[in-house]
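What follows is subunit A paired twice: with subunit B in the first complex and subunit C in the second.
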Partner chain A sequence: MGASPAVSPRPGLPPAKPSANASIKAKTLAILNNSRAIGAPDGLSRATSPGGDAQDLAEQMNDDVRNQFVAGTKLGEGTYAVVYRGHFREDPTKLVAIKKMKLNVEYRDGITMDSYREMKYLQELSHPNIISLFAVFTSKDQNISLVLEHLPKGDLEGLWKDSKISYTREDIKAWSAMLCQAVWFCHENYILHRDIKGNNVLIAADNTLKLADFGLARSFSEPGRNMTCNVITRFYRPPELLLGAMHYGGCVDVWSTACVIAELATRNFFLPSETDLQQLTVITDLFGSPTEADWPGVSSLRHWEVNFKSAPPKRPQPLSHWKQRLPLMGEDGIDLLRAMMAMDPSKRLSARETLKHPYWTNMPRPTKKENLPGMGGGEQKMGEDLKRPGGQIDSGRTDKVARKLDFGGK
Partner chain B sequence: MKLTEDDIYRKSSQYKHWSFTPTQLALLRQKTNVQACERVKANVARQRAQRAANALEGFNSASDSERANTPGENGSGNGTPSANGNGNGGDTPLRPDKEVDCLTVAEEMRLVDKFCETVLALAAFIGAPADVTATAIQFFRRFYLYNSPMTYDGQVVARTIMFVACKTDNFSITLDEYIAKVGVTRDQILAPEYLIVQALRFNFEVKHPFRGLRGVHLELGEMLSGSWMGMPFDERSKEQRKQQLLRLPKRAGGKEDNMTERDFGKRLEYVYGLASKILKETAQLTDAYFLYTPSQIMFAAQLLADEPVTMFYLNTHIPSPAIYPSSPYNKIIDTIRACALLLSSHHSYTASSVTPEEKAAKDKQANQEIKALLKKLKQCRDPDKIDLVKLNQAHKRDAVHAGELEESKAKRRKIAREDAEKQADDFWGAELHKK
Partner chain C sequence: MSKATPRASNAPKQRLAEDGGASFPLSSSLRKLSLQQQQSADSPSDICNVCKSSRYLNPNMRFLVNPECYHKMCESCVDRIFSHGPAPCPIAGCKRTLRKVKFRSQTFEDLKVEREVDIRRRVAKVMNKQESDFENLLDYNNYLETVEEMTWNLILEIDVPETNRKLKLFEAAQKAELNPNATFRPIDDQPNTSTLSDTSHVVLKKGGTQRKALATSFGDPFGGDDMAGGKDTGFVFKGLKKREAPKPESPFDPFDGWSVDAEHYNLQDNYDHQWIQNFKTDPEYYAGGWIQKDYWNRMMMEALGGMAIFIEDEIVARENAASGDAGVGTENAAGAALGGKDVDMMDVF
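On to the complex of A and B.
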């Protein structure tokens, strides 16, 4: 379970001491106040420099929080963050992952929007299937560190990619149920995740799935205010975003969720493509071209003309295609997926509706959590996953567009 | 499955970290004030001692340029200290050193309220929508629960907090656009950012009453058109409810009226506009968010805007104790009334009974008091925290040095450990060869 053999911090990485910060403060103040007196032979100014304990209430609180944790081994390092394993000082068997946000060189406007979003939403969401944020603190070099749940068993994408692991339709049902509940909870709290994909769904030591990376999340928009359509990693992006919709709701996450479930069932990417344009082709190959009859309003979306006006209409694949492609889902499972992937977002199931689908209560029953198959040694994977910015595909190809939010104007 | 609004609210950071009883709120402010006062006094005393020492030194070696600087500093001491000084008046040594007269909690609160109006003006200036503005103001009020205006200048904090709120609430504006409008340097905005997010305890979600108000407005519209379904305990028909609504008196205690549907529609529009104004302005400038939930604040504003309509609405939703003895009706109404009293006592709220002359006189007096407070504040600023840009630079510089120090320490430890391992190996002899 959580008791890893390496619970104690490495000697090379001393934990932050309260005194360290205090002495920095004292020095900082001394520099400021002695700037005139530099070179003065008498030692008076130094002797009367303020005590290091003169801290703001907020600074004290920050130090108290920081001192609850001990940082250990580095698990991964990326452009945006470094991830360490750590533990509670009080209880070394209680492991955590400490994600230290790096200063972003491309973003010169202070703390990044991603960091703000991740802190903002994880602070509000507490649910067994959403990664827990235990605490946030700033370190002495003014970097923000997030103390997150330690999730040592990798992620969903790693799971289906690992040919050594075999799993059943019952297992898929158990994982899908946990994922759908996480998405439901976000939406009940009026939060859109906007980057659901296999490697943002991490696995805890007890096999519980945890939705992570809220760097692209946002609250449901005020009615009528525009949102950017440049979100969600391409393979998981629903057709309305590809067509440039600037008003959307929870249904964008539902589409992505269905993609993740289908990937589990096929052990492959479900709708892979090379470009945004191709993504729409891949989707219409399966679902047929959208028309004004089955998706009222589709022709007034920004990118409709370019894509469909003069293209020959495509017919959707028949149900038999789904049955052949997703035998592990069963008929009810396929029905659920197709309802979660209705092209017209207003006809797509809401997260709340997905939980009412008969698939969950029909036989076979989902596997109990403790019996789910999984891999060991996924800790490095967690390091990889947590440090990665959103909107990026694991293959190393970066879909950078998703990072640049244009807000769709005002 | 559905979560109730209560379930969600009770798990929010706003409820967990930023909701208080009046006593808790007063104690927290007291604590912040005491700590700030102690520090201001200590830092001023230290600075005086240092200056005295420098003056002594100065008879022999002080540079002329430095002496020439001092009077200028005093002249421009309007909250934007020059880069070379610590902002303290150069004339202080001429006066006998007297005890610093610090702000009281009440005075601090007056100033914070005043600076909230600055945030409001700033938000209007950059064209931020109401919810972003309200978030900025609440951030500002939260910041000054844990900090004193004696320590951190309200003006400086306001500018950065407004920018932080733009980032957390998706109002797209780059720092370059922002500083071009506000007229400060990039560093002036960025230097206090960490300080601020730390004081906000990294909580960036503020729940506002605006959407709730719109919901109530839409529902009242449905009641008026006779299409609202009604709660299970309510035995009136849709038409009966509609007729009762039309006969509501214009103000509390007034006599029964009989409006047309069209006129009543106008009345609802007016109520919505007025309540919305109270929420955007008065509610932001009081402690309402610390003491009440968003829906309580919303109904309080609505109550001030039109008591008969609001009471009618509440009665259609909460059964009276006459029907259900355990109904929380009285508790809810009392809470809303208490919140309404808080809102209506703020100077930005003008009851219809106040004449323009009375209001002008009241405003004038308030302005004079603020002026006096600002003057007092100048004498009790924490000298260490005036130039945040420089402080931030020094802080970063120091952290880098501290990091190096730790790295070299770590290296030393590693060498020591390796040596120890080597010695241990030597002690036990060389490793045995495996067969």
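On to the complex of A and C.
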């Protein structure tokens, strides 16, 4: 029973020589011993000695998971989480990012909403364009740590902001396709991401885009249950959320996705604004004021009266404006973007329809993954991105303020 | 100047005498070969062989050579003689036609070396096989031996026309193999190709020949086999691996091969249920983008999505995947290593 010393008497301390195999053996032994009578042979009973009692099965399993990983240097720290670089204990070449959630004042007794959502949805989604969650464990001070994929090449926003990187329309198509696939996969599994933005699309070492930060995700709603409309970072928030819709579907993510693609093409924020009210103005400047005719039922949304009842109607910008603004997208790309950004969510393309658009199969063909440009902001950027709570823009004082969700009581 | 010349001519002789006994026969013969270039002491390299002007009078003088015959002459002579088009080499006994564009300043002091480097470069460009192209090392070494033989044939001017012809054929065969769809001007085996003027080539190219070549290349897409058998490719190397043509790219799939279509149920457009009908007509729902069909779809999926899925098979598949590719399936590997089901990620909390 050489393996039994691996069952540490003190719960906090990791075993002296934690190889995964040894700990498995130890665990199975411990389970066996617990179910057996006391009159077992000497070698076996040692595992049930005081050391075994001090640590219950759940703690042991947690330790086993935790000991698979080694945490390294700190990559970023926010009010919400600390991100470390780490690696598998068995194979130091396999890097991971360990996101350690901080205890939140508002959720002193439990898991924060963000980490709960992130765990709940990431463990179910397994797609090459969605960040993978390897494991979850708690540490001594009861902080939850998520072991995520290590994505060292920065994010999409860093990519277009870096003037040293130049890219072409083929590259944009390749990135957009990966992003749309990720969104499509979420929606096929009835999960709304609700915080798609350049900051949350990270780039893996092999140039694959990975959708990250599921802190605001939720599953598609049941009818009769309200959803909050105070989600999605402002620049990427679709008009129905700004108008206070409490029942929405996958189309909110499609709008955000279109914003991210347009950002890539213009190398600037597509619909930037200072406040939520101004955001609606920015959108209507481009798309025109919504009316009952082109968006049936819009006047019954909560904030419609405040915004449009007395305001003079605005006309949408012509196609030439789009062509001028997004020369890199081409005709079909602009058609796709306009269809993804239809004001009326029921006329907007669904994520599946997005991928069926001819833009993807038209020439030019998207760049192959290995030829995509970019050096990205590196690990530091990933640290920054993972530590941030959802729904926020990087700059400004609101960074430090905990998020408040409006569940839309009338 | 007059002082420098004797010293320059004496020094090499002295050195030769010094280490003549000790050096290997090959290196000494090579040295002799290069020393022959040093010509006589009366015509130092600073005097142009054509106009006899010397660097002493014109310090900015540059000497140029033409790789056709490697006769050295000064820049002003090149300008004077070749400015109006190709002309024969002015050096007595050399009748080669030279063109001005080909003149260049020499890289190596020794013109023999210069010439050998040029020849080696030319041969290496055509015969560019690597060890990985061959089945085994012996075949590769045989190939290298052939290359060296060709090179020395050219350097020592043994059997030059035949060697050149072989090189040309081999080059054409290589190109045809690399890009089977391209059309190539067929290479004439007769040596009189060079006597044809350039314009006649151009006419041929624009004329019917090209179309004919196209037709043949389309008619016989696997020309490689034919070439090995019937046509002369210049050289036949044993143990040369057959080059595999890269597969044509499949059209871009926006779904990247993923499909999540329902297998065991059909989704209808509408299900008649009173409770849900109310939401259909509520503007708060349809204006906000809540889509009823998504709800139906989800309900069906949650009720029937697990049909015909057997957990045992999944576990076996997962373990296979874990043992196969640990890099991709790290999550699977972790799960499988821990006994498959008790520490799956779902059960951590």
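Annotations
Keep in mind that, in the parts below, the second predicted complex is superposed on the first by the 343 of 410 C-alpha atoms of A that agree within 3 Å, B and C clash if a C-alpha of one lies under 4 Å from a C-alpha of the other, contacts with A are read in each partner's own complex, and residues count from 1 in each chain.
Here is the rule we use: a residue touches a chain if its C-beta (ideal position, glycine included) is under 8 Å from a C-beta of that chain, and two chains touch if they have at least 3 such contacts.
The shown structure was predicted, so the numbers you read here are calculated from the model rather than taken from an experiment.
When the two complexes are overlaid on their common chain A, residue A:Tyr80 makes contact with neither subunit B nor subunit C. Within the superposed three-chain model, A:Met119 lies in touch with subunit B and with subunit C [touch as defined at top]. In the superposed model, A:Glu59 lies in contact with subunit B only, and not with subunit C. Once the two complexes are overlaid on the shared chain, A:Glu222 sits against subunit B and subunit C alike.
By the document's definition of touching, neither partner reaches A:Tyr236: not subunit B, not subunit C. Touch criterion met: A:Asp141 reaches subunit B, while subunit C stays clear of it. By the document's definition of touching, of the two partners only subunit C reaches A:Phe88; subunit B does not. In the superposition on chain A, A:Gly110 makes contact with subunit B only, not with subunit C.
For the contact definition in use here, the residues of subunit A common to its subunit B contact set and its subunit C contact set are 20, 24, 28, 61-62, 119, 123, 126, 136, 184-185, 188-189, 222, 355. Those residues of subunit C whose C-beta lies close enough to touch subunit A in the complex are 249, 251-252, 254-256, 258, 260, 276, 279, 283-291, 294-295, 298, 301, 327, 330-331, 334, 337-339, 342-343, 345-346, 348-349. Residues of subunit A touching subunit C in their complex: 20-21, 24, 28, 61-62, 64-65, 68, 88, 94, 119, 123, 126-128, 132-137, 177, 180-181, 184-185, 188-190, 220-224, 238, 240, 245-252, 295-298, 300-301, 344-346, 348, 350, 355-357, 360-361, 365-366. Chain contact summary for the complex, subunit B toward subunit A: residues 1-3, 8, 11-13, 31-32, 35, 39, 42-43, 46-47, 49-50, 53-54, 57, 66, 86, 129, 131, 146-147, 151, 163-164, 167-168, 170, 172, 174-175, 186, 189-190, 193-195, 197-199, 201-205, 211, 384, 387, 390-391, 394-400, 402-403, 406, 409-410, 413-414, 417. Those residues of subunit A that touch subunit B in the complex are listed here as 11-14, 20, 23-24, 27-29, 31-34, 36-37, 40, 42, 44-45, 48-50, 54, 56-59, 61-62, 108-111, 113, 116-117, 119-121, 123-124, 126, 136, 138, 140-142, 144, 184-185, 188-189, 218, 222, 225, 352, 355, 405-407, 410.
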